[in-house]
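The following blocks contain the structures, represented as structure tokens.
Shared between the two complexes below is subunit A, which pairs with subunit B and subunit C, respectively.
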Partner chain A sequence: MAQSNLEKQLNILDYALSSLWRHRLKSLSVLLVFAAVIFLLASFQMVTQALSDKAKQVLTHTPEITLQKMSAGRQEAIPLAYRDKLAGIFGIRRVVPRIWGYYFDEVRLANSTVMGMAVDEMPEGNRLDAALAKGAMPGPDEQGRVVVGHSITKALDLAGRTTFSLFRPDLSLKPFEVSGEFSRDTDILTNDLIVMNLADARDLFSIPAGLVTDLCVYVANPKEIDTIAKKISETLPSVRVLTRPQIQKTYQVVFGWRSGFGSICLLSALAAFVILAWDKASGLSPEERREIAILKVLGWETSDILAVRFWESVIVSGLACLVGMTAAYIHVVYCAAALFRPVLMGWSVLRPDLHLLPRMAVGDILLIFAFTVIPYLAATVIPAWRSATVPADSALGG
Partner chain B sequence: MFLNPWSLALSLCSLVVLVLGAVAAKTAVRVLRFWEPGSDSNRQIRLENEIWLSSTLVAYGLGFQIITLILFVLAADEFCQVIVGAMCATGALLANPYGMPALLVKLFGVFFYGFWILLHQLDIRSEHYPLVRIKYLALLLLLPMLVLDASLQTLYIAGIKPDIITSCCAVVFGESTGGGTNLITGYSQQGLLIAFIASIAVLMIVGGRLLQRWHAWLAGLYAAGWLWFFVLSLVVITTVISSYVYAMPYHKCPFCILKPEYHYFGFGLYGALIPAAFFGASVPLAGLVRGRGGLGGVVDRYQRLAVRLSLVLLVIFSGLSFYHYLKYLISGGEG
Partner chain C sequence: MRPAFVFSLFFCLLLALDGALLMDGQNRRRVQDATLAQLEVATRSLGLTDLAVATEARYTRHPAVSDAMAPFMDHPGAIEHFPTGAFWRPPSR
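And now, the complex of A and B:
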């Protein structure tokens, strides 16, 4: 019995395929519109996912806890003396001061990120050399030496020389010498970055001695991050304590929110498509009515015709999914999601070239499937039933 | 937290299923009021056409519900990334009181829709449609279930606040906690495993006896055994089998086995268990309608098929559930 049932379904599938081929113009138009809707939704989903993956990847290298001093709701410089107050908290591996800010280049109208770090104090500071394409990180005593990112080299036109100058706030010039360049693999972090030692950064921004912009706290055991963060905020109430997991979750929520918002906008496209599918499926031409009537006279049952319609829908949606998702993948990977990047990322002008690589798990495919195929199947089922119950005599009678 | 693609997809699917259910219910009311098997009036012919529509709609609804069931668990797994303290789907589902009930209603809903389709399949095997009234009464009873499902899910999604602290699965299902998880922590692992193996053996023996010689009471016992085994299996998967899959003694979670890290092992496990329990439990249910006009032969054939299918799936399920355990023992672990 199972054998004959399978054979019957295969024959019905065969008939459904030939029926789709006979109405190829109609099928193709539905298929293309459907694929376009899936393409939009899938691209959005893939960009979101790739971006939140990227954020997660980037955040693994940040310090576990970052401390910033707040005054009147705004961030201001934090005294280095605060380090001593943290000395009593167990579990802190190291507290490293950092100066970071933006340098606006008025000639080239571009913002670059300046970071002054005590590389030798960072737990994995010596490994930073691995991120360089050439040269070495400046040592603590090497005044005026910097490591720059790719777009800085390009913007300052540093191809043939290694020296350049930046303006201090009082418009006097501070000379620098390039001692290394970051490799392109870390572009998302280092593209617009100038790294120097703490003293140079303090000099460039004219920050008084004994102050830095923030303190990075490295924690030995990641399970203690929350406890230590709590203790720090009790010891230093005026300080904003940011933990890495907190930042990570915030990124997730923001990307999820943006993607959800995008999906809501695309729902209108989906609704339009569902109406189109409903309309295409309900408008039965006299030939189609005749065809169904002949099948019924030949002994087909209502359930068989419903099965034909079901297979037709499954083939159309399966093909559309394949085309739409492949196109979305190409769009995201090779075109760097040119359509949606402005919506999902910020709006800064100097922007690294992004290489997004979405990872498609079964869950993500199922999500896109639930978003698109289920409404389509639901929209075609009632028209399918209407066509399946055409009375044989009325269609042939004329 | 509605502005998230997973929440939107779940809500959209629920909406679609509700619409399909409402259209089917319209037919159900008309059938219950106007069905006259002997008549050849226009209305009766229209109704006979409409029962095809309603059964197709319920079949679609069943398919969609199975997809939303999977989607719901995966969504919970996705939500855990934004809920502080939740590390996997367990934490996300326990983040508010509607998560677990929504999951259970979805899970048992799949059984009920399946039973309805079984009734329909039996019904259309006979020319007189002897089960029409029962079937449509059952359909009307399914409707509140659909509404309950959709409302629990909506309440759950609405209640997710990305900043509340929940326990991760290592704490909830771990040995050290009591309270709400008594069922899962009350028994020893050894005892559970023995009960699990004994239940498999009993089900095999009863199923084998049933195929040799049919007794109504034995069929009832078989179905009851399956219901017991289904619940027991869910407990055993959570407390014993899952930690062997993860190769971590304190990670006891029934949802993480669905993830790609564990090669989607859970889909195989649940994909064998749920249909097996369905076929096993449906045996006496089909027997209830044997007396109706002309269904005797059909019911007999179905019952034998269901027993055979459930036994085959039981073998697959047991093989899958012991695979990691045996692999661990053979590679030198201590039992």
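And now, the complex of A and C:
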């Protein structure tokens, strides 16, 4: 019994494949459009998932609390004297001042991130050399020496020299000497960085003594982060308090279907499905109705005709899903999401080499499968059932 | 040769390609995991808060420490105009 059932389904599958082959141009067109839609959805899902995953991995070691001063809704320099006010809050282990900002190179149109701090005061600051490909971090008293990211080396063409200059706000030049370069393996974090001493950063940006851009606060017990953040907010009401969990949460929500690009991907896919469903739901062509009528005259039952249509849909949608998702994976992993880079990086001049590696969880695959294959099956089988229930003589007569 | 057999062969070929991609992905993951220690040191030592992916605008370079109004602060009535603003959604706090 089971053997004959299997043989019957195999025969129906043969017929469905032959039917698809007879209409190969149409079948291939539907398959390619369907695969392209799945490719778009899956690529977006994989890129955002890989970036969120990477952020989750590396930002677990971000400062426990970061303080920025706000004025008129904008960030401004924070007085170093605020450290004294924080001294009274029990549980704070260390407060490290930092100056960081953006340096826009008008010749190359490159926007680099400048960070000035006493690295030896930071946790594991003395181990930072491990993240360098060559050279060493400048000591606390070494003025004018910097460590740069790979894109900075490339943009400033530092391959054959170690010195360069940046403009201060008054357009006077401040010379620097490169003492090290970050490893390419840390590109995702350090690609556009120029790290220097606090005094050099203060000089470069002409920030008055006694002011910095933010304070990194480290607490004795990580379980007390929220409590200490609340106390800091009460002590310094004009300060924005960013906690480590908030920063980690950012990267879990910053990529999503509600972003402009995500919405475009989703809406394109929805539009494609609506057009497809409308085409199918508007009924079968007279030729297809005639084919069904002939099959019924030859003794096929309605369930057999439905099985043929089901197999056709399964073959087209299953193949499209497999091809679309495989192409999306190749696009993201081997082509570094080349199609998305114009939007992902925009007009950025300093660009890291993205080595995206999405974790293909069963849930993600099922999500894309459920959003694509199942609606297609519904959109094709229901009209086929409506048509298959029409009496054969009326279909042949029409 | 019956069509179902030819189709099965083609489908298996695609699955084999996916299997090869999966294995290569696992190798790549091992290589990437080996660099995690370096990334951890860089994050801790510099107090980094963001990924250096989009460097064109400060609010997409450092979304974790920028506020949602940052794209519209250039002048009254300013509109967000950087391409990356379409990909990166403002964080909700």
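In this text, the second predicted complex is superposed on the first by the 296 of 398 C-alpha atoms of A that agree within 3 Å, B and C clash if a C-alpha of one lies under 4 Å from a C-alpha of the other, contacts with A are read in each partner's own complex, and residues count from 1 in each chain.
Heads up, the rule we're going with is that contacts are C-beta pairs under 8 Å (C-beta built on N, C-alpha and C of every residue); 3 or more make two chains touch, one makes a residue touch a chain.
Note that this is a predicted model, so its numbers are computed, not measured.
Engineer: Applying the touch criterion given at the start, work out whether A:V253 contacts subunit B, subunit C, both or neither, answering first, second, both or neither.
Structural biologist: both
Engineer: Looking at A:T302, would you say it contacts subunit B, subunit C, both, or neither? Reply first, second, both or neither.
Structural biologist: A:T302: touches subunit B, not subunit C.
Engineer: I'd like to know which partner A:I382 touches here: subunit B for first, subunit C for second, both or neither.
Structural biologist: first
Engineer: Between subunit B and subunit C, which makes contact with more of the residues in subunit A?
Structural biologist: Ranking subunit B and subunit C by residues of subunit A touched puts C first.
Engineer: So, does A:L189 touch the first partner subunit B, the second partner subunit C, both, or neither?
Structural biologist: In the superposition, A:L189 touches subunit C alone.
Engineer: Mind working out whether A:T66 is in touch with subunit B, subunit C, both or neither, as first, second, both or neither?
Structural biologist: second
Engineer: For A:L6, using the defined touch cut-off, is the partner it touches subunit B, subunit C, both, or neither? Pick first, second, both or neither.
Structural biologist: Neither: A:L6 stays clear of subunit B and subunit C.
Engineer: Which partner chains sit in contact with A:V333 here, subunit B, subunit C, both or neither? Use first/second/both/neither.
Structural biologist: Second partner only.
Engineer: Quick one: classify A:L367 as touching subunit B (first), subunit C (second), both or neither.
Structural biologist: Only subunit B; A:L367 stays clear of subunit C.
Engineer: So in the superposed three-chain picture, is A:I294 touching just subunit B, just subunit C, both, or none of them (first/second/both/neither)?
Structural biologist: neither
Engineer: Once the two structures are superposed, pull the subunit A residues common to the subunit B and subunit C interfaces.
Structural biologist: Touching subunit B in the first complex and subunit C in the second, residues 246, 249, 253, 256, 259-261, 264 of subunit A appear in both lists.
Engineer: Name, in rising order, each residue of subunit C that touches subunit A in their complex.
Structural biologist: Where subunit C meets subunit A, its residues are 2-4, 6-7, 11, 14-15, 17-18, 21-22, 25, 28-29, 32, 35-58, 60-65, 67, 69, 73, 82-93.
Engineer: Taking the touch rule as given, give the residues of subunit A at its contact with subunit B in the complex, in rising order.
Structural biologist: Counting only subunit A, the residues touching subunit B are 44-45, 48, 245-246, 249, 252-253, 256-257, 259-261, 263-264, 267, 302-303, 306, 361-363, 366-367, 369-371, 374-375, 377-378, 381-382, 384-385, 388-389.
Engineer: For the complex, which residues does subunit B have touching subunit A?
Structural biologist: 1-10, 12-13, 16, 19-20, 23, 49, 52-53, 56-57, 60, 64, 67-68, 70-71, 74, 77-78, 81-82, 84, 124, 162, 260, 264
Engineer: Contact residues on subunit A for subunit C in the complex?
Structural biologist: Contacts found on subunit A: 10, 13-14, 17-18, 21, 51, 54-55, 57-59, 61-63, 66, 68, 73-74, 96, 98, 102, 110-113, 115, 117, 119, 122-125, 127-128, 130-131, 149, 182-183, 185-193, 195, 214, 216, 240, 242, 246-247, 249-251, 253-256, 258-262, 264, 315, 319, 322-323, 326, 329-330, 333, 340, 342-352, 354-355, 357, 360.
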